[in-house]
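Here subunit A shows up in two complexes: once beside subunit B, once beside subunit C.
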Partner chain A sequence: MKRIILISILCVLGIKGYCQLLEDKTNVYFGYQNGFYLGNELFNSNGTISPSFYSNLKSNNGLTIKYLTNQTPNLGLGFKLGFLTSTNWQSSNYISYNGSSSSSIKLQPVFQMHTKSNKNGLYNCMKLYGEISPVFEFSMISIRNNLFDIIETEKKYNTFSINNLFYGLEVGVGCEYAFTNKIGAYIDMSMQEGFINAPLFLDSNFTLLGFNIGVRINLSKVKRFNY
Partner chain B sequence: MTLHMKKHIILSFLLLVLSSCMDNIYPPLIITGAVTNIDKDGAMFHSKITDLGIKDIIEFGFVWDTIHNPTIEKAEKYVFHQQAKIGNYEAKISTSLIPLKMYYVRTFIRNEKVTTYGEETSFLSKGGKSPEILSISPVMGNLGGTLVIVGKYFSTRSSVIKINQISATIIKSNQDSVYVKVPSTLARKTSAVTLVSLNQLVVAKDSFTLISPIITNFETKRGTYGDEVIITGKNFLENPSTVRVYFDKAIANYQIIDDKMIKAIVPNELDNANCSIAVVMNNQKTESVDRYSLLPIEISDFSPKTALTGGTITISGKNFSPVIPNNKVYIGGVLAKSVSVSRNTLTVTLSLQDTAVYDSRNATLKVDVAGNIRTFNDKLLINDKWFRRANTPVEFGVGHSSCPTCPIIYYDNSLANCFVVSKIAYIGLNNKKDFWAYDTDKNTWRKLKDFPGIPRMYGTGFVSGNKIYFGTGLSNYYSNLQTSINDWWEYDISTNSWLQKNNFPVATYNSIGFNDNDGCFMSNGYKYTYNKSPAYYTFFLQALKYNPENDSWSNQVIGSWDDYTFSSMNFWIPCKSVGNEVYVNLGIREVYRYTDRIYIINSKNNTMKSIADYPMNLNCETISFYINGKVFIRKKAIDEYSSSSAFYYYDDINNKWKPAQTDVYSLLRYGIAFEVDNIGFVGLGNSNQMYEFDPNR
Partner chain C sequence: MKHLYSIILLFSVISFSSAKGKYKETNFFTESKFIYDVCLSKNGKVIICTDNNTIKAFSVENKKLIESYTGGHRNKVLCVAISPDSSMLASGGSDSTVVIWDFNTHAVVNRIDFAKGKITSIKFSPDNQFILFGCSNSQAYLCNIKEQRKVHEFKDQQLDVTSVAFTSDGSMIAIAGGDKIIRLYSSVNYELKSELKGHTNWIRTIGFYNQDKNLISGGDDKKIIQWNLSKHESKKTSTHEDWVLCIDFDNSLFNKTNSYVFGTMNGSVIINFSLGVYKAKLNSPISKVIFLPNETGMIEIAVATLGSGLKYVDAVSMQAIMYNPLKEVRGKKYK
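For the complex of A and B:
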């Protein structure tokens, strides 16, 4: 997967363009996200070792919407709204979170550094960028209770559902390509470090390596006045 | 409002909305960590509390067992002593870990409503440590109190605490302390405290001591039932629920005034006139040094002065015990039954003679109240016609059985021979060598010189002067080798010696020996002649008369009679010899009529006189005595006590047999009877009892 993405990026960079496009002012992006959580099968929380919740979630898919306004030719500011669903908890030695899932909504202010738009040439059509964004994530976790044996006569705890708000930081790199003044596409790779505090697992942080692909729609161009 | 400002407001609102959707999980949550650092001393257990729930945490820790899903109730348990907070916890566990065993571990956390176990993890043990007791607290305490054993590596599941080998109920326990209830059955003052776990026994270096009451004094020291006594000392309030106050063995009502004073009431049940006072607390008994004295009993009179057994005697006096049985009245050595008591009178009932053996008809009255004994100078006359005499000595009780190997089942005084000389009856020789003298005057038994001949049954004899003659009978009676014998012996009363004489002319048994004024006779049958017309039989009673002077026997017919049939003449029974007369039974008068003919034979002039038939059939075990000029005869001694088993006496004026009152309570079957000075005696048989019968009372 990584290899395919890398080759794709190189191919795009090698395209010679004659686009004659105007410089973008405001863009909106719609994309699909896929990724995986980095980390071991077990999580060590200050000596207490237990199966990790996030590292063993094997299926992670989502959508992203990003709104970006270029403040300068190299700097864009905006925000991103992401939806991610993580399922298929698997561990070779444990069943602790079998059947559990996590759905999250992420709201991220985005700071983007990107290449300057040229009047012509490759960088007239293509833009390389790097992003950094703090993450405010609202997570809805559903955990099938294999983990706790709760002795209470009044209530049964077959499944736990918790909603959690946590924070993180995401960095990413990518490129976008304008097919017309209005329409383009983008592809990028991001790494999110999340910091979480949930009572149902030991994980206090996770690392999500994400891959995004999508379309770009330009809303406005930089106005130029020739006197 | 700028565009940036709007953005910030929207973003803040969105976060606020999302935050309000946060859920709470109400049970406390704890996660089990993997077991690490496994070695021969134990293993490191890990956990993390991730949620405390909404109620206060009571305890949290680990449970482990060799089976899946260990629980607080059944598995070993380790409890953290610190307050529960969200975070990581670990503990080195060494308790009850057996090498090479797989253990399953869960963390737990609980509040008053919920217990949450974390996921189970497992490990292969390499061993653990033995329990250690560091201290016990308190070292002095009370029954039912709590004793804390402090130490290390205690098993919460298998620890047994014993105080002086008595298992104590565990109130609660954890890995380093066990709370037990001091068992209420603990009696020893100072006891070792031991912990037993998995066959390991650990003894605490300190001992546990029960707090004892202390008595320093009491007042007053002399009084009577119901009086108040103040006991002073200390520790009375240490464990008041276990306090008991005793006067001797009688428990007293009491009131604990304070830790140093008890007010007690002299109990009615007190049965010791000079006793100590004891306070028991924590099963520890402390007795007073001084003794408490009851006021002595005073007796003034009793009435009536003559009574029958079963009758009632009233004793007047004072200071009787309010508890009726505690007033013991001994009449002729026999404890009478106290039936009522008042302040100044005591009423008792004379025991019946089925169990009671009074030492004399003129009985001494002795009153015993709590050990204070008083005896009346006057005697009580027990005036029953039948009066029980002294039992035979225990040697008589060496019973025989129906076979040599059968167990002893009853007294073997059956069919004893009895010879009366002066006021002494000489008894025995029934298949034994034993020979006893019963002194009717002194009411005593005395063993005589053993019979030197072969033991036999159905031997016979008679008395001549100061000598007893005895012989014949069946030897080897309890075997298949029964043999009639004819040896003849003389017992000299004055020298207590036996001498063998010339044999009886024939070997025989169950013969009839009697002596009258005409001499000594042994008869073993009769002969008869038959007259055809009219048809009748003439029977001649044969006897051998013994001459003690020259130790010789001579034949003599001592009587004859005619009879219609031969078949009714079964046997003859000499019932009693009186002077020259012998009362004999000649069997059934007529077949099926069931009365027996009685004749009086006069051995001097060889005459026979028929008298009234005896009311029932007699047989060879008939007993009799002769008192006040009357012959009393009883069939087979006493089979049972009933009116139909009474003695009958012969009323010679009216020529009738009349029943006599017969109050004999024991089975005297195959017993003996004799008379001394117009008093009849009946006894032995299948018992060890002897009765006198005095019809003049």
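For the complex of A and C:
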């Protein structure tokens, strides 16, 4: 993953960008997200050791769509819609949730602080930004709850589906690069803290570290761009 | 992982597809890469451009700096014009000040500072007596240079004024801007003669041509409209790839062939004349483009960009995007 991110950054920086009038008024971003849940494989709840549900979901892929309007040269406001699918539950000692998955839809109001576009120099084509956004997430979790935590009986299981609405907070930092006045690319890293209350597992919160890469399409430019 | 590689590949494709074509260009040496306006002296030998808070004059022949006009503005200069007799320069800027300069001695002759908005466009009257300028606060003013007084204030505009123009005989004034309307006024009694409506977004540039029988305009609706002024209607409309920020009509060389050059927000410079269409792609928005006179008949242009400085471009080396036997007629005079 690190190699991919490094290659992506080098690719982006190696491409000659267009000189920008970056005070674009509205932009829309389409991105791909990959990430992993932070946290221990097991946790101890009142003396009971049990595997974590989220931390052991190893494959997390998603898509994001973000709409942002620049209110001032440094501040952008908008919202983000994200779709994330988490599969491949793995734990070294347990098979409790083997085959389980989680699909979620996230709606986030986004507050973005970014570097002001300079007429010359590095920040002419590149924008660094930091974002903070409350998360409202609708999660569809399919849990394959194995009846016995022993390998021999792995095929005996029940599948439960639960829909869960919860909230969280996401912070992120990233970099946006403009190829033309219309099209650019971005790469960023985000960390989401989610607070959940699900009856079928003991996790009460999770931390998702996400890596996002995508394209930016400019919808409208500031009219008074030249004075 | 496959998705990531696909996205990286997409970036590369976008990058290579946006690479500029090969054409002959020479840079004029300016302090800033953001040149907002440019004009040409009467004899066509000196090109004058804005450069941060100053104005610079270059030799068209050898592209070398002749003179800097400094000390007139406290903030960046946005527009510049030269009087038809090439005795005076006028500049307007972000400091809401219009400065009249003696072209030869480089001294400040007059300073007009009653305007409230930023000065976005400026023109001399053909008789060198008046100056017309438009502002970002939707006002336009006509001033008598010698008497140093405001003659008239044009208040009909609803949004920023982006372009002003005089007819070649000075009888009419055109003002256009963000409200999408071109207003034509008599310069005798300042009466509103006509409103030309056809653009659907901000108008960025206007100019009279064909002995003032026609007017050409371009704007953020990506359209260039050629207007028939006798009927007050649009004669021809063409749509282009991005906002049209500037147009220059060459009245001397191509008057009979209806030729013009224009520049767009995405950095395209397109010359449209009877023999075909030529295109150059620069990396920056084109703020102003003008034809340079050339005795050999070859087409040369000066291009002011927002980000890549002031450039001289030889049209022969530009990419032909329609049938164009220009190379066959290279060297012939169009006069």
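In this text, the second predicted complex is superposed on the first by the 186 of 227 C-alpha atoms of A that agree within 3 Å, B and C clash if a C-alpha of one lies under 4 Å from a C-alpha of the other, contacts with A are read in each partner's own complex, and residues count from 1 in each chain.
By our rule, contacts are C-beta pairs under 8 Å (C-beta built on N, C-alpha and C of every residue); 3 or more make two chains touch, one makes a residue touch a chain.
From a predicted model like this one, the values you see are computed outputs, not experimental measurements.
In the superposed model, A:Leu107 lies in contact with subunit B only, and not with subunit C. Residue contacts after overlaying the shared chain place A:Asn163 against subunit B, while subunit C stays out of touching range.
Using the contact criterion defined above for the overlaid structures, shared-chain residue A:Ala185 touches subunit C, although it does not reach subunit B. Shared-chain residue A:Asn34: touches subunit C; no touch with subunit B. Judged by the touch definition given at the top, the superposed model places A:Gly214 against subunit C, while subunit B stays out of reach. For the contact definition in use here, the subunit B contact set and the subunit C contact set of subunit A share no residue. Listing the residues of subunit C that touch subunit A in their complex gives 1, 3-4, 7-8, 10-12, 14-15, 18-19, 32-34, 36, 78, 94, 118, 120, 136, 160, 178, 202, 220, 242-243, 265-267, 283-285, 287, 305-308. Residue ranges on subunit A touching subunit C, taken from their complex, read 4, 7-8, 11-12, 15-16, 18-21, 32, 34, 61, 119-120, 124, 179-183, 185, 213-215, 221, 223-227. The part of subunit A that touches subunit B in the complex is made up of residues 42, 45-50, 79, 96, 105, 107, 109, 136, 138, 146-152, 154, 157, 160-165, 198-202. Only residues 7, 11, 14-15, 18-19, 21-23, 25, 27, 29, 31-34, 36, 46-48, 50-51, 69, 88-90, 106, 113-119 of subunit B touch subunit A when the two sit together in their complex.
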